[in-house]
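Lettered A, B, C, D and E in written order, each chain numbered from 1.
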Amino acid sequence: MGNIIVIIFGAIFINNFVLSRFLGLCPYFGVSKKVETSIGMGMAVTFVMTMASLVTWLLEWFVLVPNNLQYLRTIVFILVIAALVQFVEIVMRKVAPALYEALGIFLPLITTNCAVLGVAILNIQIGYNLFEALVFAVAAAAGFTLALVILAGIRERLELAFISRHFRGVALSLIIAGILSIAFMGFQGMM
Amino acid sequence: MSVMKDLSRGIIRDNAVFRLVLGLCPTLAVTGTAENGLGMGLSATAVLVCSNLVVAALRNVIPNKIRIPCFIVIIATFVTMVDMLLNAFLPALHAQLGIFVPLIVVNCVILGRAEAFASRNPVLNSAADGIGIGLGFTLALTTLGAVRELLSKGTIFHANILGSGYQPFQVFGFPPGAFIALGLMLALFNMLSRKFRLE
Amino acid sequence: MSFKTFKGGIHPGYFKSATEGKPTVPARPPSLVVIPMAQHIGAPCEPLVAAGDEVKMGQKIGDSKGFVSAPVHSSVSGKVVKIDSCNHPLGRPVQAVYIESDGQDTWHGDVQPRPDYEKLTAEEIKKIIREAGIVGMGGATFPTHVKLSPPPEKKIEYVLVNAAECEPYLTADHRAMLERPEDIVTGLRLVMKAVNAPRGFIGIEDNKPDAILAMTKAVAGDSSIVVATLHTKYPQGAEKQLIKVCTGREVPSGGLPMDVGCVVQNVGTCIAISDAVRFGKPLIERIVTITGSGIMEPKNMLVRVGTMITEVVEQCGGFRPNIRKLILGGPMMGLAQPGPDLPVIKGTSGILCLTDAEVELDEIRPCVKCAKCVDVCPVSIMPLFIGGSVEHGMYDKAEEFNAMDCIECGCCTYICPAKRPLVQWIRMAKGDIAARRRK
Amino acid sequence: METRLVVSSSPHLKTPESIQSVMTDVLLALFPAAIAGVVFFGWMGLLTMVLCMVSAMVTEAVILRQKNIFGDGSAAVTGLLLAMTLPPAPPWWLTVIGGVVAIVIGKQVFGGIGNNIFNPALVARAILMVSWAGHMTGWLSPVDLVSTATPLPLAARGVSTSFLSLFIGTVPGCIGETSAFALLLGAAWLFYKGHICWRIPGGYIGVVFLMGMFFGGMGSLATMVSVGLFHVLAGGVMLGALYMATDWVSSPVTPRGKLIFGIGCGIITMLVRLYGMYPEGVTFAILLMNAVTPLIDRATLPRKFGEVTK
Amino acid sequence: MLIAIISLGGLGLLFGGILAFASQKFAVEVDPRVEMVQEALLGANCGACGYAGCSKFAEEVVAGNAPLGGCTPGGAKTAARIAEILGQVAPETEARLVAQLVCLGDCSVAKDKFIYHGVPDCKAAMMYSGGSKACRFGCLGLGTCARVCPFDAITMSEKGLPIIDADKCTGCAKCRNSCPKQVIDMINARTFHYVRCKSTDKGKQVREVCERGCIGCGICVKNCPQKAIRLENNLAIIDSFICNNCGKCVEVCPRDTIV
């Protein structure tokens, strides 16, 4: 049980996917303009990451390893993720058009969200069992969502600021992320 | 003529990092030193050129509906190859780049070029575009790596620049410094590109 | 009897000493009056007279068919010179009747006292009030008869007399309470009868102990009317805050006092109602406080509606040379004017003249989020975010921060250390939001 | 009339307070703590404070191209606050870099005064701390200026510090954080002027005290209370709670939000102190809570007058 | 090797099958032309077309509700491309329109009736006695038009009037629509001479408040060789269809109102 808490706390705060592992940065800076959208994006990522972890873990240990095909890991994983995302996209478009509208073009972006592939590969590299892998995926996604929502809140607030035009947009977001990253360093050493 | 244009465009005018703000994960993650930045940049360039070539060659064969998965498979193949090559010939660099080598596969720069350029243009232009964009990417990564290495260690490509008395600005060696350094460089680039009317 | 206070509010300087001890003096009868056709919120009146007509004092000279409207009357007897536009405190020129006085001040034949006024029915009282052209005299100029005609399903339980006079500088209501307490109570009783309300309140801030005493004396023996002593705090006299303090009820957002069974009347309005019902006199004069360091002799005066401000100011010794701002109404909610060539209207409670030293032309600084505006806002909205949103043209965001609930009391702008014109931004937001809602 | 009148929106009365006057008030409030810093750490303390303020003010004046170097006073406040969080004798270049970083990264990139999401002084301190950890932990004893450790790590090793010296400030630590007495004195002035309210410092100090009591090691009630009190007085909690967390720009504006903010700061501070790698967590705690301030504001909008609760 | 091929192939088949099934089952009809039209637009979301942003306009164009040339900033080029996408003939586009300020009352020539202090925005200033300019038709000079211009074509001069860069102006008319005094007209970019005043006050009143306002003296009317100028409500108006840009009116105008 303690182990699980370490995984959760570690993935959210200590080694936050975005702020310390540099994973999922493109959607992080792309979808963080509005808090509502960022929450939606966070949920979509959580869903995809959990599903991807499950499928890739099973594939790794039941297909690739028995056949000594680990060198195909990258290609197989990304294929799975791509298919999964496309599937989610198609279904969401039909079932929840409002959500689809909100997330719009960012659903395909989840495919190229390195956080998803990253979590799948990390699961294998660290050697988590299936349950740990799923917990890790959810926690990592939660960490991603947390960082995303915080940044979105800040950027919404900054709509009221007169920012120098050189810094407007991603440049300032990067600096904010840097300061956030420092602030998150405070959690180091816990657990 | 247009091939040259496709080649040169990616280096500054459509620079992947500074102008299009794509491929940020490796940009930030592996630019602790100039060497790592260069290594990652060249690896990505290799994948980019190869995948652009293949995508452009197959652009009329691949059905539109499943083009993205197809592109990804093509890219993934080359990434796996680069991964193996690096592991075999540059194991130290491979260890430094870590998980970000397989993650080249999801670098939006590469997929973005495949989707936006290679799938609509002939082979030669696509290759030129790949080289241009790749060089621009490499340039950005190396510059960022050099700046961060200089500030956080006082060296560039391990050559001591600032003397032994330099008190390193260590934050630039850590994740926060990566964000801040890129943020500042991006702002600088914005300023310069306005000054020289790049847009 | 002391009452709980409301949330928020400020304690600005009160500056009332210049005029609070001065009895009301009648102004010199004007030789020319300019009577605007729009002296109330709602449909403007149509003139009933033409150039060259002879009119008598108290004669109706303008009326409208609209329900939310109040007729206007001549405040002198004499001859209509012309019908032309004139400046209006709201800043937009309006149509007005110019009447030259014959100096006789002969009343019109319709102005007849009603000795048996106590036998009038509620409907008759309302009709008299409408015909007398009575509007809210605190400054809002909402036609009184409309306020007194709630839909049948809304039972009115309380009538409140707003005698807080929380605006700094102004002493018109204070003087009225000292000089005509019985008339105020009569007016209140008539309103209570008109809306069939069992209870009345007279809310007075505790910085006017003599007025409290006078009013307590005037209501002595009537247990249905309570004189409520209120904390001295701005905006104690804001309608919704007054109701909250006196009755504990909260007017719902976007609603009216009648939604919680209340009707609020100003002191001056009560006197006007009493005059109209008992003596048949329409609303043609009112008490105006002329004050501020930009005027030679501050005074409380009984001024005919339509008298030019220049003429009133002249009787107070004129402006001082360093006058910088001319405000109609109080300093917190009054309207600054470009010049003095406009008439006193029914809602003119004060003429405030400020000098260079009091008029700050500070630069607007960025908001530092000190949250003082949030603390002082009596309706608990977010002035800082509304202001910022409007500054960036984001009106929909201003709506999210409840811009429409603003009562424009001015507390936020008063307290802002960055000197941000928050009320003005909120007004812009309200205009934009209202326009979009109409679509 | 010869003079033209001024027409503006109501209200026509304004408070005499301005940003500049408020900043001056804050500087005055920091004065006792600054004196304490000079008394305890000598001329190095003074030099650091002056250098830091000057560097911050010059940076701001250069960026804004303003002639008056004091400007609205906010840069001076930032500089002084930063100096107070520095160890007694940092190298001069560290101080100067700190001032520049505080103004540039902490403030001006966000659009200047009023828009900075994070407390500029703490941003600079955090960056300095990560960069030059050695210089940032060069503690001196205020008695004889010999290098030593601060009460917090000492307590972890079982060495206790008397409450009197913690209160007066005769303990090693940052220039401005040691004397709780001087800090309280200045804060009293800010309370009196109405620039800060009880919610943030109250929530912060209260939580630090309670968590110190219950997680700092169980024992008899007296021990628990003294551990709680120790955590309140030691380190930067007083400075942080009274001056840093209450920074207008980077803290919530709603009353409930302020309380939540204070409590959040307290919890994170104690988490870092009790379980983390760093001995002190005030900087991280306040920066983290700064980051979520916009979200807190969103979530705690007060109920507007007459709003019908469903 | 074989296993690798089989596994990859198998996976491909499996996912392909699932996706094919899903795309059949959950298909949503989207007209691909909408996307193509959207790509052809400038993407400035300026709103000149009257719709909420470029994507909405694209939808409406494809649905046939909006005119092909509806994108004013894009001009004829965009219209032609949209026409191409939709397989229609491009409409004859009208002459290029640009914004023109119709007031010359900067702070050196036009008087103020009071000092305005408050939100630096024309709409805000309008709420208080119609703004501080003594001329009730004059430009307030607080730069609302410059702020709403999506193309950075308007800057404010030191004397407090907007300067419109005709090259950058795309004719989206946002400035005209935002001007509370309505002193911005959309005119043919080829027009040379224009009466730069909107005051319909009598000559005497105009003289009192502004040095360059049209006083309705009629000299230009008399001197115009083309008879292209008429007076309406004390204001000279040039008929751009008759005017041949001879420049006579500019010469004779005693108040330099025609530029």
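Following the convention adopted for this analysis, a contact is a pair of C-beta atoms (placed from the backbone, for glycine too) under 8 Å apart; a residue touches a chain by one contact, two chains touch by 3 or more.
Keep in mind the model is a prediction, meaning the values are calculated, not measured.
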Identity of the chain that, by mean CA position, is farthest from chain C: B
Which of A-E and A-D has more C-beta pairs touching across its chains: A-D
Gap in Å, rounded to a whole number, between the CA centres of chain D and chain A: 34
Chain B and chain D: spacing of chain centres that average the CA atoms, whole Å: 41
Distance between the centres, which are taken as Cα means, of chain B and chain A, whole angstrom: 21
Rounded Å distance between chain A and chain C, as computed from the means of their C-alpha atoms: 60
Chain C, residues touching no fewer than two other chains: 336-339, 361, 366-367, 391, 421, 424, 427
Where chain D touches two or more other chains at once, by residue number: 5-9, 105, 109, 111-112, 114-115, 127, 130
Sites on chain B at which at least two other chains make contact: 69, 73, 171, 174, 176-177, 180, 183, 187
Touching residues (chain side chain B, partner chain A) in the complex: 21-26, 28-29, 68-69, 72-73, 76-77, 79-80, 83-84, 99, 102-103, 105-108, 111, 171, 174-180, 182-184, 186-188, 190-191, 194
Contacting residues of chain A [partner chain C, same complex]: 159-162
Partner chain D, residues of chain E touching it in the complex: 112-119, 124, 127-129, 132
Contacting residues of chain C [partner chain E, same complex]: 91-92, 336-339, 361, 364, 390-391, 393, 421, 424-425, 427-428, 431
Contacting residues of chain A [partner chain B, same complex]: 19-26, 29, 71-75, 78-79, 82-83, 86, 108-109, 111-114, 116-118, 121-122, 125, 164-167, 170-175, 177-179, 181-182, 185
